[in-house]
Amino acid sequence: MPRSLLPYFLVLQRLGIALLTLVIVSFAVFFATALLPGDVAEILLGQAATPEAVAGLREAMGLDEPALSRFIGWLVGLLHGDMGTSYVNNMEVADLIGGRLSNSLRLAGVTTLVSVPIALTLGICAAMWRGSIFDRVVSILTISVISVPEFMVATLSVLIFAVWLGWLPALSYGVDVDSWSAVLRAYAMPVISLSFVVSAQMIRMTRAAVIETINTPYVEMALLKGASLPRQVLRHALPNALGPIANAVALSLSYLVGGVIIVETIFNYPGVAKLMVDAVSTRDLPLIQSCAMIFCVSYLSLITLADVIAVLSNPRLRR
Amino acid sequence: MTPVSETTRVSEDTKPSGPTFVFNWVGRVGLAVILFWALVALAGPFLSPYPPGEIVDWDYFGPVSSDYWMGTDYLGRDIFSRIIMGARYTVGIALAAVTLACTIGVVLGMIAAVAGGWFDMILSRFLDAYNGIPSLLFGLVVVAAVGSSIPVLVLTLTAIYMPGSYRFARALAVNINTMDFVTVARARGEGTPYLITREIFPNILGPVLADLGLRFVFIVLVLSGLSFLGLGVQPPNADWGALVRENIEGLSFGAPAVIFPSVAIASLTISVNMFIDNLPTRIRDRSE
Amino acid sequence: MTGTHTKPPLVSVRDLKIGAVTDSGREVEIIKGVDFDIAPGEILALIGESGSGKTTIALALMGHTRTGCSIDGGQIRIGDNDVTAMSRRARARIRGTEVSYVPQSAAAAFNPSMRIIDQVIETTEIHKLMPKAQARSKAVELFRALALPDADTIGNRYPHQVSGGQLQRLSAAMALISDPQLVIFDEPTTALDVTTQIEVLRAFKSIMAQGGCAGVYVSHDLAVVAQIADRIVVLRGGEVQEEGTTEQILTAPTHPYTKELLAAFEPLPHQSVAIAEAEDQSPILEARNLFAGYGAMRNGEPAAKVLQDVSFTLERGRNLGVIGESGSGKSTLARALAGILSPYSGEVLLDGHRLHPDLTGRSKEDLRRMQIVFQLADTALNPGHSVGNILARPLTFYHGLRGKTREKRVIELLDMVHLPANMRHRAPSELSGGQKQRVNLARALAAEPELVLCDEITSALDTVVAAAILDLLKELQTELGLSYMFISHDLSTVEAICDDVLVMFKGEVVEALPAHEMSEFATHPYSRLLISSIPRLDTGWLAGLEQDPELIAQFANR
């Protein structure tokens, strides 16, 4: 194969792997929810239901068909945007998710906009002045945030900003969000909590990526040419660390997926995650499946993006 | 750097010193806290002043007092006793899951690295795909499907963290496998079991143990997260995550019933991280 | 000091002390009070083995110490600058302008994501020495002076698009762009093949002669230094052993360590070991039309073919040397013979009987009779086992020894390679390089082999240590009646131990000769080029050397 095509081949390969993964994941999600014990019809009709009623419902829901054909039917439906009907309130799942999804995406988007610049700056600075007081403080803070569960970061922010300081409302998603300050206040708590979780990972990984390039002979060579510390880092180390850093950003953002589940629950934020957690308590399987697929797709896209960046940023492949 | 290692080389007439593990104070504090919680988890029932399920005080969300060292919860139960019992669930479940996950992962990883070929390829691809599922979500889905019980929690957490452990051990073993001493053993005619147990395993043990520690932290976090969502350990029993959930209403006025379980989780996970971060580099990255 | 020093010296180093903190937090002094001067325009060589502190001193001249090290005392003066007393900022100002640096591995010292020309002229940009266009044309001039091909355009490439020897010369251009007063060469040719080394050395020598700037040349190789340096400082363990003009150090050394270094450089030629043998014994090892390579197999041939049609015979009790440069396939040959990489065509015969190509198909007895010893003892000894365990395993595996008898045999083996018996309780990491290589050898001997394949086993060692290992090999051969196949890139090592020599080039054997005829009677042009490229301990060697440029173009790995 011509050398110049190699990067594209590798990228295509990664995308192929991602697609394959998605199929396996959807398979796992479908079978975990649809095949494991607990007959849906029985659950829906409750303890008092007659066996005839259960059988009738089973037939109506298509639960009698073989599992594989149900899986394929479900997958095909999903591809057409048909997510099925909720067991609990007979609404189209797509309708239930619709507005919620944009809420969650907005939360994730704002968090990304806030955390990426802050995390990159802190990570690069910590690497540049490694061993300094600044570096140590950043290290201790990031380790602490990573070590505690997401819900603790969130509850702690509530404790500090809402209870002690009284700056922000504890439960955030207000009804009237017409003024800018109201929007700001409504998003502040969830965004702050999520940003902490995501940034801590990003800072650590960025710092590690930059330090690795700072320790190379070509950065020492720059030092021996008389280059200043910022020049060594910004001119020589950073361009070579871009791949690993972009990789770190994408990987850290995948933590959003886990974080969002907790944060939406705590702040009663009307997003997909909250919807899913509620669906789990009512065992509304079509809803759970669709939400799970949404999360898996976003998680996988971020991981694949990280992978593709890592491939493309290899200087030996680039040219 | 060469000059340093050259001058610190042990001269021929000194006695063999044997491995000496020097931890700095941060590492020691971490280890002390870990041992403390392990002890509490073991000796739980003998330590708790009240039965953890009994309502002992009519004043719910009671403050810290000489009777109730960490206050009381939303029903008036003694938080100190409930945290001690919670340690059993949190530490026990996480330890069981991490041991299972790492044992399976490391064994499979070493076999894949030494055997190579299609076995390695299929297993690696499959487990990579498996890694494409976010961990908390996986837990949610399984619990939604089969309900929550302690064996289910242990197996779910094992399933979530086994692929990572496999990947980690495989990468280390692949590195070691290319080293000359393995080639020498292979050229001598040694079989795969010998290569795995005698040549590779001793050289990945240090990093694998460090990885086990970090994985333990993740498991504690996911377990607490699940419990916090009400999908982990079920009432009347409670691990630390469930304790936080039960008493979350006390948050708005800073009740000790929310704060102390949170502190318990944080103290355990931060200590493990502190301990691992300060392991002598010799143990942590011998593979490098 | 010599009489040429009428002018005040350009550089003076007085009582330089550098300390380091080890991994375990202990502080040690690695440079213990070093003094020397360098006159303007003079090239001073710092000679020493690994751990002698030569690179540390060279970097200290630029006011730089690597992580964990610090200048603890003494004075370094360059021109009017007192480097040791300067602020960080002031040191940065003289780096690149007054003193510049040519690194050991240019391949690693060039930033992979920047064009070469931008890196070469970066010094002028940092210190605002000249406009960019002027710097570029100056760089092209330097490229020409360094005999680089395509001088006008080579700078527009990225580092990975240029060969190692060219990068090394480009790094010299990078150092000279600012007309510094002092250039530090840090083992600049160590990583290169001998045929490439010649060209780079020539380019350095001529450009230093034109420029009139002073130089520090750090090296472990006396013969290389003899070609380029005016004066030599011999270092060991962070202390100066001897200092003198190049001529004097080479011809009339006074310090015993210098004498030892010189002696190790020219080992005694090999005396064939007479082994009483039956008339019609089959050769111990024979290869017939061996082909081997790496990568996926297609139509019975691998993607990357390395060995091409290699045949030879090795008679019992004799030693066969294999020489060649990097990429010649000599290590692949050893692996193919040992069955680690199974040859896809051809056969290997041990004592007249055909071996299975793959080692999994060979009997334990076949494996026992032929042992392989690798170059890097560091990676060849399992760090997780004690020396005793490492030696015990083959005893159990091949001979079924256990308990006391095995312990006794381990001690015997250690004694055979001149190591004390209590060494068996040590971990490999506690041993020096030479000790590790002895253990490595003892492990092969534990199998009681008839043939030992030695893959560059002395290449990673310091000259004196390597010479001792060669002596040990000879001694073991007379005691145990072994045969060796000795693979090396270094002709003098091969001559010291071998009866016959194979010269390999790009996977083929281009010439096979008795060792003592190599230097005089080799006929293949590549063999001639290789032999003539090996530096001699003679200050006039490089200047007097005439090589056919077409030959170089044809064969050198530039």
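Letters A, B and C name the chains as they come in the text, with residue numbers starting at 1 for each one.
In this text, contacts are C-beta pairs under 8 Å (C-beta built on N, C-alpha and C of every residue); 3 or more make two chains touch, one makes a residue touch a chain.
In this text the structure is predicted, and so the values were computed from the model without any measurement.
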Next item on the list: Could you work out which chain's C-alpha centre is the most distant one from the centre of chain C?
Entry: A
Notebook entry, point to check: Which pairing of chains gives the most C-beta pairs in contact?
Noted result: A-B
Check: Just curious, how far off is chain C from chain B if you go by their C-alpha centres, in Å?
Finding: 46
Notebook entry, point to check: From the C-alpha centre of chain A to that of chain B, how far is it in Å?
Noted result: 23
Checklist line | Centroid spacing, where centroids are CA-atom means, of chain A and chain C in whole angstrom | finding: 51
Notebook entry, point to check: Which chain A residues reach two or more other chains?
Noted result: none
Note to self: Could you list, by residue number, the parts of chain A that touch chain C in their complex?
What the structure shows: 216-218, 220-228, 231, 236, 239-240, 315-316, 319
Checklist line | Residue ranges of chain C touching chain B (in the complex, touch as defined) | finding: 20, 22-24, 26, 28, 30, 50-53, 55-56, 66-69, 237-238, 338-340, 359, 362, 364, 367, 371-372, 374, 376, 379-385, 393-394, 397-398, 420, 422-423, 425-426, 430, 432, 435, 443, 447
Note to self: Looking at the complex, which residues from chain B come into contact with chain A?
What the structure shows: 125-126, 128-130, 132-137, 140-147, 217, 220-221, 224-225, 228-231, 241, 244, 248, 251-254, 258, 262, 265-266, 269-270, 272-274, 277
Next item on the list: Provide the residue numbers of chain B that touch chain C in the complex, in ascending order.
Entry: 1-10, 12, 16-17, 22, 179-181, 183-190, 198-199, 202-203, 205, 281-282, 286
Next item on the list: Show which residues of chain C lie in contact with chain A when the two form their complex.
Entry: 59, 62, 64, 92-97, 100-101, 103, 105, 108-114, 122-123, 126-127, 158, 160, 174
